Every structure is written in C-alpha cells, then in structure tokens.
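Sharing a structure, written as structure tokens. Questions coming.
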Amino acid sequence: MNLFIQRHRRRSNPGAMPGTITVQPHAQAPQLDMITFGPEAPKGSITHNSLDSLDAMPPLPEHHDFLWLNVTGLGDAETLRAVGKRFELHPLVLEDIANTSQRPKEEDYESCSFIVIRVPDVASSTDEAVDGWSGKLWTRQIALCVGRDFVLTFQEQDEAALAPVRQRLLQQQGKLYQRGPDYLAYALLDAVIDTFFPVLEQYVDRVEELEASVMDIDPQKGISTVHAIKRELLALRRIFWPQRDMVSQLLRSESAFINESTHLYLRDCYDHSVQLLDLVETCRETTTSLVDILLASQSNKMNEVMKMLTIIATIFIPLSWIAGVYGMNFDPERSPWNMPELAWEYGYFTALFLMFAIAGGLLWWFWRKGWIGSKE
Amino acid sequence: MNLFIQRHRRRSNPGAMPGTITVQPHAQAPQLDMITFGPEAPKGSITHNSLDSLDAMPPLPEHHDFLWLNVTGLGDAETLRAVGKRFELHPLVLEDIANTSQRPKEEDYESCSFIVIRVPDVASSTDEAVDGWSGKLWTRQIALCVGRDFVLTFQEQDEAALAPVRQRLLQQQGKLYQRGPDYLAYALLDAVIDTFFPVLEQYVDRVEELEASVMDIDPQKGISTVHAIKRELLALRRIFWPQRDMVSQLLRSESAFINESTHLYLRDCYDHSVQLLDLVETCRETTTSLVDILLASQSNKMNEVMKMLTIIATIFIPLSWIAGVYGMNFDPERSPWNMPELAWEYGYFTALFLMFAIAGGLLWWFWRKGWIGSKE
Amino acid sequence: MNLFIQRHRRRSNPGAMPGTITVQPHAQAPQLDMITFGPEAPKGSITHNSLDSLDAMPPLPEHHDFLWLNVTGLGDAETLRAVGKRFELHPLVLEDIANTSQRPKEEDYESCSFIVIRVPDVASSTDEAVDGWSGKLWTRQIALCVGRDFVLTFQEQDEAALAPVRQRLLQQQGKLYQRGPDYLAYALLDAVIDTFFPVLEQYVDRVEELEASVMDIDPQKGISTVHAIKRELLALRRIFWPQRDMVSQLLRSESAFINESTHLYLRDCYDHSVQLLDLVETCRETTTSLVDILLASQSNKMNEVMKMLTIIATIFIPLSWIAGVYGMNFDPERSPWNMPELAWEYGYFTALFLMFAIAGGLLWWFWRKGWIGSKE
Amino acid sequence: MNLFIQRHRRRSNPGAMPGTITVQPHAQAPQLDMITFGPEAPKGSITHNSLDSLDAMPPLPEHHDFLWLNVTGLGDAETLRAVGKRFELHPLVLEDIANTSQRPKEEDYESCSFIVIRVPDVASSTDEAVDGWSGKLWTRQIALCVGRDFVLTFQEQDEAALAPVRQRLLQQQGKLYQRGPDYLAYALLDAVIDTFFPVLEQYVDRVEELEASVMDIDPQKGISTVHAIKRELLALRRIFWPQRDMVSQLLRSESAFINESTHLYLRDCYDHSVQLLDLVETCRETTTSLVDILLASQSNKMNEVMKMLTIIATIFIPLSWIAGVYGMNFDPERSPWNMPELAWEYGYFTALFLMFAIAGGLLWWFWRKGWIGSKE
Amino acid sequence: MNLFIQRHRRRSNPGAMPGTITVQPHAQAPQLDMITFGPEAPKGSITHNSLDSLDAMPPLPEHHDFLWLNVTGLGDAETLRAVGKRFELHPLVLEDIANTSQRPKEEDYESCSFIVIRVPDVASSTDEAVDGWSGKLWTRQIALCVGRDFVLTFQEQDEAALAPVRQRLLQQQGKLYQRGPDYLAYALLDAVIDTFFPVLEQYVDRVEELEASVMDIDPQKGISTVHAIKRELLALRRIFWPQRDMVSQLLRSESAFINESTHLYLRDCYDHSVQLLDLVETCRETTTSLVDILLASQSNKMNEVMKMLTIIATIFIPLSWIAGVYGMNFDPERSPWNMPELAWEYGYFTALFLMFAIAGGLLWWFWRKGWIGSKE
C-alpha cells in the first residue's frame, strides 16, 4: 500500500547530525552522465559522457560554458559527497538528495538553487488489478541543483520523463542548448510535471467508468473502490500542492540563478501545476458524490427486498387466516350455528373465490401504489 | 461526458519544446476578418474585410489608428505562426492559443496583454434529454491579445457572443469605435461573460423544479440527477473562479496596454464575474441539501413499506393463532376438559367475534399511534 | 420562489453598450423629493420639496450647503438620465441604479462615491404560510451617491427604513442637519442595516421553535422545512457578506467624499454588519444539526415499527406452531405412539398452558431487554 | 434558551440617532466605586470609595496619579451620560456600554481605548438539569475604557471575576498599584478570560462522559444531548473568536494608551485566548464524531432487532409448514397414496424429529454465521 | 483519557498575579546539569556537571564561551526562581515553564528567545490494549531559553530525545560544540520534532491495518476504534499546527539570538514540521472515509439479514397457505363441489408436487435476481 508515500524509506535517526547522508535501502549504485553546452556551442559539438567517477570528469570543451551532470542511483554516499564537494553543495542539500521522501520544494543556497520534484512511476499506475482498483501508484524523487553554470540532477532510477529533454539538448533542437542552466532546469521541470497528465487521465477514466455503472455495481464493493481511488487522489494532491507552491516560489524568487527571461516559461509551468491540482480536486469532489449515490443505491436495494417481503406476506397472511378459520373443528352437529358454511354446497368454492378476490384486490392496490407497477 | 472539460484535447507531449503549436483534432481551417477603427474615424468609414491570408492585409485607412484582427478556426499552425510573427507574439502565447483547453487567465507579455476566456456552447446546454439531465454543457476557448494599437481574437468557431460588439463597432454605435483596443477588449470580455447568465439560469430553473417536486420523484433517480447537475456546476465553477481572478488581475494590473479609464468598466465586468460565481455556489449549496431531502424521502418510503407490513402482520398473526388453536385435534370425547368450546352452541360465533374484536382493537391502536390516521 | 433573489429581473442583453439603462418591468414611475440642509441652517428652516421634474428644482436656500435628492421609483430612464447629467454621474452608475439586482457594494467615481445596499421587504417575511415555512423573503435595492455637497438616493419603492432619518433631518434632531453628506449617508446605511435585525429574529424564533419540537414533528416534513429555512438564510448570507465588505471598504477608503470624523460611526455600522453575519451563520449551523436530529428521529421511528413487528411475530409464531402440531392428523388409532396427547385428559389445558408460558417468557425477555419496558 | 446570546436584549430602534443610550430592561441601578493608585502611592494609602453620584467624587489623593472608576449596574442613562461627560467619552462608546449585547472588541477613540469583553455567568452553567444538558450558559458584558490616567469599568452585575484584581490593588500586592491604567486593564482582561477555563472544563467533562457511555445510551436522546452541547460550544466560539481578535488587536495596536511594556503581558493573554478557542474546537470536532457513533449505534440496534425477528421467523416458518402439511385432510381411505404417513406407527415421532432436526440445523447455521454466537 | 492534553494540570487561579509560578502536582524535584562549550574548546575538554543547586555552578572553563544548563523536574518553584534570577528571565517565562500545558510557541524577550515544544511519551503510545485502540498518547513539555551565550532547557522528566544531542556535544562530534547556542537550540528542536515520526507511523500502521480488514470487522466496534484514532490524531494536530508556526516564526524572526547562518538549518526543521502535519492530515482524511465504509458495511449486514428473512418467508408462506387450504374442513359428503381433491387418488402427491414446484420456482427467481447466486 502506498497511503503515505514516504513510508518504508529510511530516514536519519532522531538526533542525528544535520547533513548526515542516509542511503535508502535498495538504492541503485550511482551512474554519472555529463553533457556540456553553451550559447556558442557549434552544431554537433554537444556530447554525452558517461563517467565512472567524478575524477574522470573531462574539462569543459571550448564554447561550452554550461554543464549538466546527471546522477542516476543514489546508493553510494561517497559519490554524493564527492559531487557535493566539487559543486560546493550545502550538507543539508546532500541529506535531502539521499532521503528520497521529500515533498516538492525549492530552497535557495549560496551556491545553487535546490529543487525537489517527484515523478510518477507510470508503469505502476497502469498495471491494474482485475476487479477493484489496484492502487499501486508510486512516485520517485528527482533533485535539481541549479547553479550559475551547471545543473545537477539526482534520480533514483533513470526516468523516461527526462529523455526528451536530453535528446533536444544533444540534437541541438530549438534554443535549449544556447540558454543557461535555469532554462534547462525549466525544461526538465516542465517535462516532469507534464508526465502527471496521462497518469491523472487514468483516474479520470476510472471515475467516469464508475459514474456510468454506478447503478449496477455492488454498493459495498463500489464504496471500497471509490475509497481506494480517493486515497490515491489524496496522495497525488499531497504532491501537487507543494509542487504548485514550489513553481510559484521559483516564479517570484529573486534568486541569482534564475534569469528574468525564464520567468515567462515558469509561468507556463505554473499553469500546468494549477491544472493538475484542479483536475485532482474535481475528481475528488466527484468521488464524494459517488459515495452518496452508492449509499442511496444500497438503501434502494434494501427497499426492494423489503417491498418484496411485504407484498408476499401481505397477500398470503390473510389467505392463510381464512384457510385457518375453515380448518377449525367446531362441531356443526352440536349446533346449527357452528360453521354452517362447511356444509354448504358451494362453501369451498366461495372460500377459494374469497381468497383470490382478496389477493387480486391487494395486488391491484400495490400496483396502484407503484410497488409492482414500476417493477415490470 | 464532460466532467473534465479539457479532456480529449490533444496537448503537446511531455518534454516537447515550449512554444510548440499543437493543432487540435477536428479544428476548423482559419478565417481572418479585419476591422479598423479609431477616435477620428468618420461616420460610415468602418469596414470589415475578410482575408484569405495575412499577406493580403490592406494598410490601415486614414484616421483609423486601431486594428481588430479576428481569427476563426485554429486548424492551421502556419497561419497562427504568421500572425504571431506579424504581431510579435511570444511562442508561449501561440502554444496557448492553439491548445484550446486553457483555464481563463491573463498574462502580460512585452508586445501585448494575453487573455484567455471561455464561452459556453449555448446550443449544447439547451438540448436536454427526456428524463434526467443530459449534461452536455460544453465551453470553447477565445484568446485575446491586446496590444498598443491592435486587438487579436482567436476563436475555435464563430461565436455568437461576439456579434453584438462587432455590430456596435461597425455601425459606430456609442463611443466604442473612438476608444482604444483596451476598451474593445473590455467590450468583448463583457459580452462573453454575460453569455453565461442565461446558461446558468437553466440550471437554476432545473434546481427549482427539482426542489418543487422533491417529494414525488424516485429518490434514487433524483440523487443521480442532482449528482449530474452538481457535476456541471462544478465544471462551471472551475471556469468562473479563474475568470474572476483574471478580471481582478486586469483590474489591478499596471499593464501598459490597459488605460486607467478602462478600469471603471472592468470593475463592472468584475461584478458580473462575482455574481456568476455567487449563483453557482448558491446552486451548489441547494443541491447539497436536496440530496439530504432525497435520502430522507427514500428512508421515508422504506418506513411506509415497513409500517404496511407491520400492520398487516400484527393484525393477522394473532387471528391465525386463534384459528390454529381451534383447529387442534384434542379429543373431546376422551375428556370433558378437551376443547369443550368446540361443542358449545355459540362457539364458532364467539371465536369469530373474538377475532374481529382483536383486529378492531389493533386497528384502533394503530390509528391512535398515527400509523394509519395520517395515511387516509 | 426566491432562491436567487435577482431572478426575473431584466438585465441588459449580453453585448449591450455599457451604461445602457434597462428599466425593470413593473418599476414604478419616479417621484423626486428634495431636502436641503447645512451646518448653519437656522432652526425650522429645513424644508421638504416634492418635485415633478428636475427642472423644477429650486436653488439651495441660504445657509443650506447640502442637498439630499431622493428618487422613489425607477421606471423612467429619462428621469434617471436627467439626474445623472445634473450630478455628473458615470453611465455605469446609472446602469447599476436601474438594474435593481446588484449585490451591496461601494465604488469610487470622480464625482461621487456610489453605494448599493439592499433592504428587506418586512411585509413579505412576516406573511407566513400555514404549515411549513412560506419562504417569501424579498429584498429591494437602494442606491446612494455621496458627493461633496449632495446625497442622492434611488429607491424602488418608498422604504419605511429611511423615514426616521428623514424625520430627524427635517426636525433638526441631533446634529444630523449640521453635518455633511457623508454623515447623512452613514445615517441612512445604519437605518437600513438595522432593519435586518427584526427580520433575522423571526428566523431565530422559527429555528428555536423547530428545535423545541424536533422530537414530535414528522421528520420528512421537518427536513423540508429546515431546507426552506436554510435556503432563506443562504440568501440572507449572500446579502450580508458583500454588505459587510462594503462597509469595511468605506471604512478603509480614502475617498474624498467620506470625512475622517465619520469613520468612527462607520465602525459602528461595521459592527452591526458583522453581528448580522454572525447570527446568520449561527442559525445555519443550528439548522445543520437539526437535520441530523431529524434523520435520527426518522430512523428511530423505523426502529419502533420494527420492534413492534418483531415482538408480535416472535410471540405468536411459536404459539401458532404448537397449534399447528396438534392440528396434525396422525392417526392415534393405528399406533399408540401417534399423538397420544390428544387423548390425554388434560391435553388441551396443557397445550394452552404451554402457549401462555412461552408468550409470558418472551414478554419477560423483551421487557428485560428494554424493548417494552421503555415504552410504557 | 440562549441560542443567540444577545436576544431579548433591547436595542435602539432602526434609524435612531447614533449615540442613543438604550437602557436594557431589568438593568440594575448603577453603583460607583472609585480606587485611586499610582507608582508612588505609599503602602496602605490605597482606598476604596463607594460613591452615590459622580458629583461626590473626591479629588485624587497625593501620590495617586491613576483612577479606577467602576460602574456596576447600567440601569440609569443619566449616570452613564454624566460619566461620559466627565471622561469625555464618545457618544458611540456610551451607546455600546448600555447595549450589553456587544461582541468582544477593541476600538480606539481620542480620549480612551474602548474594550468590550464578556464574562460567563458561572452559576448558570453549573446548574444542570437531571437528564440531558440544561444548556443555560449565559454571558454578561464588561466594558473597559482605558485612558491616560484612568480606567473605567462598566458591569451589568458585580462580577466575581474582578474581585481578585481589586484585592491585589487594594492590598498593594505585586506591582499592580505602581503601574499604569493599561496594566490594570490587562490584569482585568486576564482575570476575565481565565474565568472561562473552569466553564469550558465542564463541557470537556460532559463530552468525555458521553464518549465513555456512548454505547449504552439511547441514540436518539444522545444525539439531542450532543446537539445541545454543540450549540453551547457554538455560542462560546462566537465569543472566543472576537475575543482573540480583540486581544491580538490590542497587542498590535499603537494606541497611546497601551505602553510597550504591557505588550509582553498581553501576549500571555493572547495565548490563553488561543487555548480557549483551541479547546472549543477540539470539543466540537469530538461531538461531531460522537454523532457518527450514535447513528451507527442506532443502526446497530435496528440490526439486532431484525436479526432477532429473522432467527425466530426462519426457524418456525418451516416447522409450521410441516405441521400444516400433516394437518391436511386428504382422505387416506380413498387412496393408499393419500398421506400414508399419518397411519404409520412412528409417523408422529418422525414428524417431530424432522422439526427438531430442522430447527437444530438452522440454529447451528446461525451460530456459524455469528448471529447468535456473538450474543451470548 | 487524554482528549485535552492539558487537562488535570493545575493552572494559576483566574486573577492571580502574572508571573506566579504554579508547580504542577506530581512534578519531580529538579536536577541541574551543566555543559560548557565553545568554538575554541579543545578536544576532550567538554565536561558535564550535575549540580545540586545553582550556587554550586562553577565558572566557565577557559575557551568555553557557551553554557547549556538543563533543568529536569519542575517540582520546586524556588529553583526556577533562582535560575530565572541568574539568567534574567521574565516572570512570564517562569510561569510558562512551570505550567506544563503550553502549546508550542516562540516568544522574544529582552534577555532570551523563549521556545516551548512538546515531546511524545513514546512508551505510552506503544502500550496498546488488546482489542480497540488504547489511546494513551501523552506529551510532555520542554521549554528552551536561548540567550546570547547560554541555552536553558526545562524538562518535566529526562527525555530520551535529548540524549543524542548531548552525546554529540560531549563527544565533540561534528561542529555542534563550535557553534553558538542558537545552533544547539536548533539541534534540540530537530531531535524532538523527529521523535514524532515513529509515533505517527504507529498510527499509520494502525489505519492501514483497519483499511485492510475493514470488511471483516464489526462495524460498530470499528467506528469506535476509528473515532478513538481520530481523537488522537486531533490531539497530535493540535500540537503540530502551533509547532509548525513556531518554527516558521523562528525562521522569519530577526531575533538577536538566532544567527542568519542557523536559518538554513531551521528551514530543514520547518520541512519536517510540515511533513508531520501532512501525515496527520492524510491519516485523518483516511479515517473519515473509513467511517463511510464501515457504515456501508453495517448497512450491508442489515441487507443480508433482511434478504435471508425475505427468502425464507417468501418461500414458505405460500406453501403454508396451500397446506392450510387442504386443512379446511368443508364437508365433501354434503356436496361434490366441496374439496373433491381430498378424495382424489393422487391428491396428496399433487399438493406436495405443487408446493415443491412453487418453492423451486421462487428459488430459481431469487437466484436469477442474484440474491442467492452471489452467496455461495
């Protein structure tokens, strides 16, 4: 279950020294990639180096003023410490990079602007159980450090969300390679935030499906399913709120690492964050009224059962009473007043007729009340 | 269904270059109209040109300082790019114009103030299904760019909402043709926002109808209908909130493209936006208590069924028992104590009398409890 | 019904020219009264002129620096336009004066401060239907324009709320006639706001009545009544919120038309607005828990019905079974094992005793469970 | 009932002159006490004078720079007017002093800072009805005017809450007598606010009692009780919110009558106000879930009743049918196929055995389902 | 019970002198420890002195510029007063230290910054009752005074949460001993706040357990359990909200006692506070929908019971009626029309067949309706 996304992550013990790097269990071994670029980089000069360690880092090529260093896998505290030393990262930044349960946030430090975002594990959310909602949405953390001439990214795994940006940079599409680290950071941010749209649309589809079939499904099971969806949406909302705040903070910040000209683009990013939040809230409100409908449907089923019982019992109870009366053993021989009907020639038929008349009358009455008219 | 208005719209892929123009499927081919006007335009000099392409754009006539270029149909990225180039629009503006799922917003750019509004498809909302609420409300996007001497409008289809403004301009009614682009933008905004009032009144009518008939309708179906209405209102609220914020932002903005003198008019516009929001919220709160009433009505119906069963069963069960007792076969010949009533002259009548007395007593008791008094 | 107070009012068509005066249907023909006053007006010199038209307006008497012009009835656009021209009112002000569905608000214009308030139709709210809540509360608009040396008031009908202020002015009670237009506007505002207190107290009485009788009334009908009250309170709240904001805005405004010395008095006015809002909210919260109680009461009635059925059925079903057993026709003559009880001398009495013993035992058990102990 | 605390208080008629003193019905005749003190007042020199009228006010003794004038009983407009004149109080202040239904507030005037607080009538809240919650909490108003060298207090009755402060002043305990009027005002405020703690603890006790017994009490009655408590808490909250705001305003005010050095103490006062609000909110949230539990408990009782009926009916209905079958009168003499069991030697015992077997089987089945296992 | 954490704490009587130290009942006798440190303290020179009284306090060793004085046990007002005098604490600070029911807060005084935090009694929350939730979470207060060259801590008991920090200081791990009192205060704060994470995870576990088993448990008991958990979460939230505000206030404060360089670290602390709040809110929202599920499950159980009754009754009531009909005593000898079936050769078998056919038909119908199909 993933009610609380950051559970089962290891965090530093209470009272540990601030800046302690606590490697998560099962974290991958780190891999480093380095891309250099710059406003005057000639076409085709952008290259992509995979590094074994930071010591192997080549110098920046000519006309390449900027550096994107990507670290995939946070399983080795030593590597993180080396990167931290090389780029003068604050110990608290390193602690937050390693502890992958951060909420999205933005923090200004002397050497860089530190950004945390979360990316959905798309695979997890599409792999759905047969009946009911599997509820396996999982998000991973990506940390960005935006400096004057570098961008660092730290991923738990190699996220597909970053691939298009890397490609645009390597193939020198658009002006991405000519702009600074802040624009690259924006491009990464934008790519990650947009990844949530298809994920969210699955929830929307699921909610609409439920809405369409709400009258047919078992209310009890339906409520559980709605509850599961709601919980997922709650988890998403807990990511989208701080994510929106983070982008808004970037937008208003006067950080030395974010140029004015990038603000226009961040505003677009902010728009998308708000749309995500908006969609989640709409979904949530819809699920809330789904619960109402399901409860009413449950109550309705009870009504139907009760009506059934009432119709059958109401019809047969008087008939049985008549049968009971003529089953009494009063002795007609002792007195002419004792059950003379029993000796009457058409007594039996009269009794049967009386019974069918009563049954018919009641049926007609129920039909007029709409209890059986609306059924067939 | 239209739970989430911007669904089934195509958006750029995550990671796409910012400013990518993604044409929506089924978007119409663009048509351009051009109207020129100005404070000193002589009476009757305002003309209306339909252009094939931007290249065919004639120069501004004398005394016509301002230009309104309207683009209907967003199906051709090339045309949008050409317009963008001619009026120096930012790539992000073009992206938002083409992606017609934007929430209402206002953004300042260097060359213009960019405004997005939504207009309801009135036809869709009036075309109502026979029973239940059809729920077909649909909104379309209109984008405005307000520059120093031009207004650009981009519509998905030719919206009827803009027609009165165009007519006032062409016929030189009022002072519209004498004022600048900001006042024209205000007039368009005002016309579009007011279009929502008749749409909303349909919901109000529908809610009031439901209120009037709430005791008679099937609760289960009623709750579904209320739910559908609520969802529509939710969708409207999701438009009205950002719309109000957008107008408020225009009102407070110190944009170079909005003159002080237009602020008074925008304040009026703001008032209308608030009234729309107010109406929607009132409708929503009313539907919420309708659900309460419907649930109570459902529960009440169950009560009635149970009362029916209880009355019938309570009356006949004792009677049947009496009939059962006198149907026992204890042998009166073996002992004088065995069922002497059976041999009594008036035994049968006494038994019948006893039964009717019990039934009558119970009926009186139920009547006194109000179980059957309130019925007839 | 009055769910949405401004319904059935005519508003300008979407796209109409701003400042268009749209006369409401059934609006009365206008009547003008003029009162002049001033800090140095000698005792007894205040007079009250009813004018046929604005042209007949006499010049201000000596020592009378200020003017109160009251227009009752908004049925003639021409008169409004004349007043607007004479006092240099903005076209939007005139539009809002004629369209009597405005929410309370305050707007600063060059020539005056424009204030809209609403006054309850007291008659409507006291005229109550026989059972249930009639729900006929109606409010009308009063518009005020406060200039440097004049106050204009525009009423739909002649409101009783303004009478005491007019009298104080004419009789030169207190210092009202010595102070400026802003203080007069405050006095009018205060009088109108205080009119809501007796109206609201009717709702309070009604809610308290419901609270006292909540156990006795029919839950279904009770919920409808509560719903109707809630709707009225909602409508009142929709007036009180913007009214409070309007007073607060006046209080904080640096308008040239409101003197500092009047702020102290407006603070008092603000206090009353807050008290009204407070009362409405308290009423609303109380009605919300009334619904809970009514639902519980409904559920309780169902419980009682079920208990009744269960008691009767549980007692008689075993008895009937015993009677059924001794009504079986096993032939005692074929075998001594076949129902020897039937031939036993005290068989009948034993059977009856058994039945009464079972019934008594069950009754005792129900009494011990509190099912019938708590009844009688 | 006290749903709306200020009901049945007389307020000025709408349209009355501002500053009109409206004496409440049943208001006591005023009594005046005067205490003088100052930073240099020698030990034992503090005295306490009861005055008949303001004219009898003695001059300040030497070294006594400050004055505390307390007015108990607000039944005489003349006295209030005299006090107002002597200390240059604004007419609106006098109006608010006499109208004892004010919410807590703070207002700055030229001559003084005017503070309204409310004090609970402790007696009322402890006097509890036998079953259910009596709901008799009542609060009274205390008005303070803090000037440069005086504090005026206006009470409806002689409040016990002020006694300890008066005693500390008279006995020159601590530094109270050496500090200025603002510190005295703080001390009075603090004393009054702390009076609410024991009152609130009664509610807490009551809620905890209900929580402990929630399974045993009658749900219907329980919900009414919870409702009554909630209403009281609502009334308290309506006092605590503005009270907190009032203290916060004092804290942030730059009034000439509140010294910087007193701010530290007011911060403490603010803390207590927040704690009161906090307690009330916690109580309210707890009562809300109590309603859930009570409704579930009610529903549970219904379940139990239904289970009872179902068990009895399900067991005996088949048995009765068997008895009915063997009570049929098919003639065995006409055909050997007609009910040969009746003539079988062990027929009766077989039938009885069959019945007991069915009954036993059903009981076992119910026990396995947990319907009767969990009972005993 | 611990609904209101600060209950059963003694507070000063209303009206008591501000700054009165009210020792709590059962408070421990105080113990003092003193640690001195400083930026230039040589390795191994940090010592830890336990003092009997403040008089025994040794002078600061050379190179030790800072002092941490820890007071464990607040049972002696005299000691508190002595500490207060020695470090020039304000009387209100001493009052708040002794009254251990404060909410987390931060207050600036002239001599120090005063911080109150709460620490959970971990033991209490793990000690869980057998069924249901024991609900024994208890928090204790820790007060910190951060001065220019000292930190004072006041604990009710010796809290384990502070131990790791003390150890890091004594063993000169990291740079803790080189930094000032503000960094030490941060380290203590951080340690205490992190203590809540394992506590909260117990609640998360418990909620997830409930979620997993929600279909199986008794709804009534389940709701009580959820209610108990909710109450605990409410209590935690009441600590986390002011705690977050307190850290935020520290972060934004321009106190002379908090250096700029410590702000980065406090930001980390703030992050953790927000995460705690976030977790609590998520838990609370989850419990709210658990109640929905439990109520639906309760309703479902009722449905099942009713279905059972309806099936049995509906099947046997018609059969019993047939048996009743053939138990009637119409005399076949008087008339050939009187019950000729009784004399028919295959009458009995036909009747039995009819009964089984009806029963079978009804069973098939119920199965088709899904009433018994979904059971087995």
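Per-chain numbering from 1; labels A, B, C, D and E assigned in written order.
Assume a contact is a pair of C-beta atoms (placed from the backbone, for glycine too) under 8 Å apart; a residue touches a chain by one contact, two chains touch by 3 or more.
A quick note: this is a predicted structure, and the numbers were derived from the prediction, not measured.
The chains in contact with chain D and with chain E alike: there are none. The set of chains touching chain A and also touching chain C is given as B. Between the CA-based centres of chain C and chain E the separation comes to 42 Å, rounded to the whole angstrom.
Chain A and chain E have Cα centroids separated by 26 Å.
Looking at chain D, one finds that residues 295, 299, 302, 306, 309, 313, 317, 320, 324, 327-329, 339 touch two or more other chains. Across the complex, chain E meets chain A through its residues 161-165, 168, 173-174, 176, 186-187, 190-192, 194-195, 197-198, 201, 204, 207-208, 211-212, 214-215, 264-265, 267-268, 271, 274-275, 278-279, 282, 285-286, 289-290, 292-293, 295-297, 299-300, 302-303, 306-307, 309-310, 313-314, 317-318, 320-321, 324-325, 327-331, 334-335, 337-339, 371. Per the touch definition, chain A reaches chain E in the complex via residues 1, 3-4, 6-7, 11-18, 90, 92, 95-96, 102-103, 105, 107, 109, 219-220, 223-224, 227, 230-231, 234-235, 238, 291, 294-295, 298-299, 301-302, 305-306, 308-309, 312-313, 316-317, 319-320, 323-324, 326-329, 332, 339, 341-349, 351-352, 355.
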